[in-house]
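Next come two complexes, and both contain chain A; in the first it sits with chain B, in the second with chain C.
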Partner chain A sequence: MADPVDTAALTAWVGEFARLVHEQRDELTALDAAIGDADHGANLDRGLTAAVSALDAEPPADPAAALKTVATTLIRTVGGASGPLYGTFFLRAAGALGGVTDPTHHGTALAAAFRAGYDGVVARGKAEPGDKTMLDALGPACDALDRALADGEPLDEALRAAARAAADGRDATVPMVARKGRASYLGERSAGHQDPGATSAALLVQAAATALTGRG
Partner chain B sequence: MKKLINDPADVVVDALRGMAAAHPELRVDSDNRVVLRGDAPVRGKVGLVSGGGSGHEPMHAGFVGPGMLDAACAGEVFTSPVPDQVVAATRGVDGGAGVLHIVKNYTGDVMNFEMAAELVAAESDTEVVAVVTDDDVAVQDSLYTAGRRGVGVTVLVEKLAGAAAEEGRPLAEVAEVARRVNAAGRSMGMALTSCTVPAAGRPTFDLPEDEMEIGIGIHGEPGRRRVPLAPAREIAEMLVEPVLADLDFTGGDGVIAFVNGMGATPLLELYLMYAEVAAVLEKAGVGIARTLVGSYMTSLDMAGCSVTLLEADDELLRLWDAPVRTPALRWGA
Partner chain C sequence: MPVGLVVVSHSRALADAAVELARGMLPGRELAVEVAAGDVDGGLGTDATAIADAVTAADSGDGVVVLMDLGSAVLSAETALELLDDDVRARVVLSPAPLVEGLVGAAVTAAAGADRDRVAGEAARGLAPKQAHLAG
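Our next item is the complex of A and B:
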């Protein structure tokens, strides 16, 4: 069984994320049309397609290089807020993976990478939990991952718990009033709509649960 | 929705190809999707770079030329440009006197321009100053939100700071003009219809025949509230009153009054709206020093308009009257 944070596994994670976004591109765009500007699905799909091509064209040397390629490709191709935000997530996650040498600690390494990515998004976007953003899916996912690993759960189970927490966090954005990003311009009218950023972020965690489990 | 396009994915590239063909006096870097003055970089002059999502034409590329912008970066439709584009534009207009970034206050635009400025600082000693426009009174300003949107005043900032740069003034002064214009300008917009993003293929929101949206931005996002359609004179009040409530325009040397079309509203209606806006201003005791009427900052094919008022003074009026030679704004030159 391969190591869940090896280069192939992380490449598979990004590939699965790209597949999910492509499949749900129209749904993401429809959510964005309701409270934003109707481009989240198209932009993220374009960026992730480019990221998958970049990984394919030049296979990365190590796990950190893989995520760094994804980060720079997203920053270069997506634009808007989601380009810098997802780019920063992968860039910081890559930084956290850079020091991983002991494969027996892959669970905590992955959790640290997720946490570093989350912190990066907080710093770049200056948003907080409850602002109706991607943080509302990513934050609960990081917490669930940490908690499950601390409880001694196997990584497979911890990632599934993280995916469930992300989905719950995504659903919890529905009644929120947006305080950051384009949805914030609607004020109270943003309530009653699921946040597109939290929706794509839940796909990111779901992709991890699918691609990084069953590997050992 | 019918569109004059080849493929929704190629809209921006194809339009830039057209700009290059129609305006040989400009230089179009199609790899980076940057439109530059043909003579950029102008030695010793502060370079002005703006940019944003496409779909707001003529803003920004239509304002590239002597007396206004040195370069404009075109993002995807309603999506800010990426840092690489802004870096390429900044390098392309750096004539040794520094570069001013004019950024509309949207989360994505601000982040991408910030990342670009960091990259430029890491790779060169070009001095970059950014001024963020945020003039939309429809959005409540607060520490806890993304803040007000940059809308109509951006056009005025680009004209006035562009004129200051053309006079050979240093970066700090050009930036100060831009900040001063932003601080003294306020806008409010409304929509009669939604717009259709080419990649989405259908209107962003549905608006019944007898209703309108008040407090819209420029990305097809719904406004603050939806109200029954009203005569133009009442719409003028709905737009001007919140602007006047936000800033006192009764002093000074009068205002620059800008009635902007959102893309699908004919000039006939815009002039009709201007008459109503002027009447509201007269009643409020606000003098009008200069006017601009037309579709300069659009939201694709949205029908509707916005009103921007800028409190002017002698210096700003002189900069306003200074020659400008761009595809969309051209006088005195």
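Our next item is the complex of A and C:
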């Protein structure tokens, strides 16, 4: 049985996330131009391209090392707030995967890594659900993943549920009023725009549902 | 050794100019000030790994006060703490002060040999003289 959270799978996940962000780079930047500083697509594309290169240049020894490499590369190369936020997500997720050895619990381990990453973003950005941030996509995704696994769904199905929840969470940011970052200066005028951070976060989960499924 | 200072900004030019201004208040005094500013390509941005390196370089064992501009500079400085060794992290204070006013206050007190908490305190009340003056 293939291992859903082995190093190759996580590398493929990051590669798919990078591909989606590159493909939607202009859309992400356009969303950010409306309420932010118009650099989200370019920044994240640069960071993820560098992360994929780093994983390629020096293949990591284990799953935690893979995500740690992604974290430090994003922290170093993104430049904007999404650098420390996504960097912290991957850093904490790496920490959660550190002790995983039993392959029968890999679905739970992956969910725990997502949750640890989410908690890291909460701690770093000090945002709450409803503040019109990446948390509004990541939070529902973590909840859906946990719920599906608790209900006994296979990991593939749980990841697809997480991706749907992230997309719904992303869409739900449209009417929200931003309370964090540059968009918060706009107050009520930030309503009516989809949040760029929630949009890229939904791509992160969509990438997981593509790259980490079909392996069982 | 005096308390070390680190200036974190999106802009290398802004950070360097702020340091020049602060040093201008300290003719002939020694001060350890490190700058972590701009992204890897020299554009606007912040880099937590560069901040962690700057903190390590500024630390002589008596602690470091970090002054930041805003937004991702704050997030990157907090992320840098996660990248530091525990003993170094315990000596670092991230200052909520406005960058220029906080840096000048911190630089003057650090160069005078004050301890880390005193330096951080002076930075944190960096806006007070301006507020008092304009309110008067």
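Here is the rule we go by: the second predicted complex is superposed on the first by the 215 of 216 C-alpha atoms of A that agree within 3 Å, B and C clash if a C-alpha of one lies under 4 Å from a C-alpha of the other, contacts with A are read in each partner's own complex, and residues count from 1 in each chain.
Criterion: a residue touches a chain if its C-beta (ideal position, glycine included) is under 8 Å from a C-beta of that chain, and two chains touch if they have at least 3 such contacts.
The structure displayed is predicted, hence computed values, not measured ones.
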First (chain B), second (chain C), both or neither touched by A:181: both
Touched partner set for A:91, first chain B, second chain C, both or neither: second
First (chain B), second (chain C), both or neither touched by A:77: both
Partner chain in contact with A:8 - chain B first, chain C second, else both or neither: neither
First, second, both or neither for A:124, with chain B first and chain C second: both
Which of chain B and chain C A:191 touches, first, second, both or neither: neither
On chain A, the residue positions that both chain B and chain C contact, one per complex: 43, 75-81, 83-85, 124-125, 181-182
Residues of chain B that touch chain A when the two form their complex: 53, 75-84, 106-108, 111-112, 115, 138-140, 144-146, 149, 197, 199-200, 204-205, 217, 219-222, 224-225
Chain A partner contacts - residues on chain C that touch it in the complex: 39-40, 43-50, 71-72, 75-76, 78-79, 82-83
Chain C contact footprint on chain A (complex, rising order): 43, 72, 75-81, 83-85, 87-88, 91, 124-125, 181-182
Chain B contact footprint on chain A (complex, rising order): 29, 33-39, 42-43, 46, 75-85, 124-125, 179-182, 184-187, 189
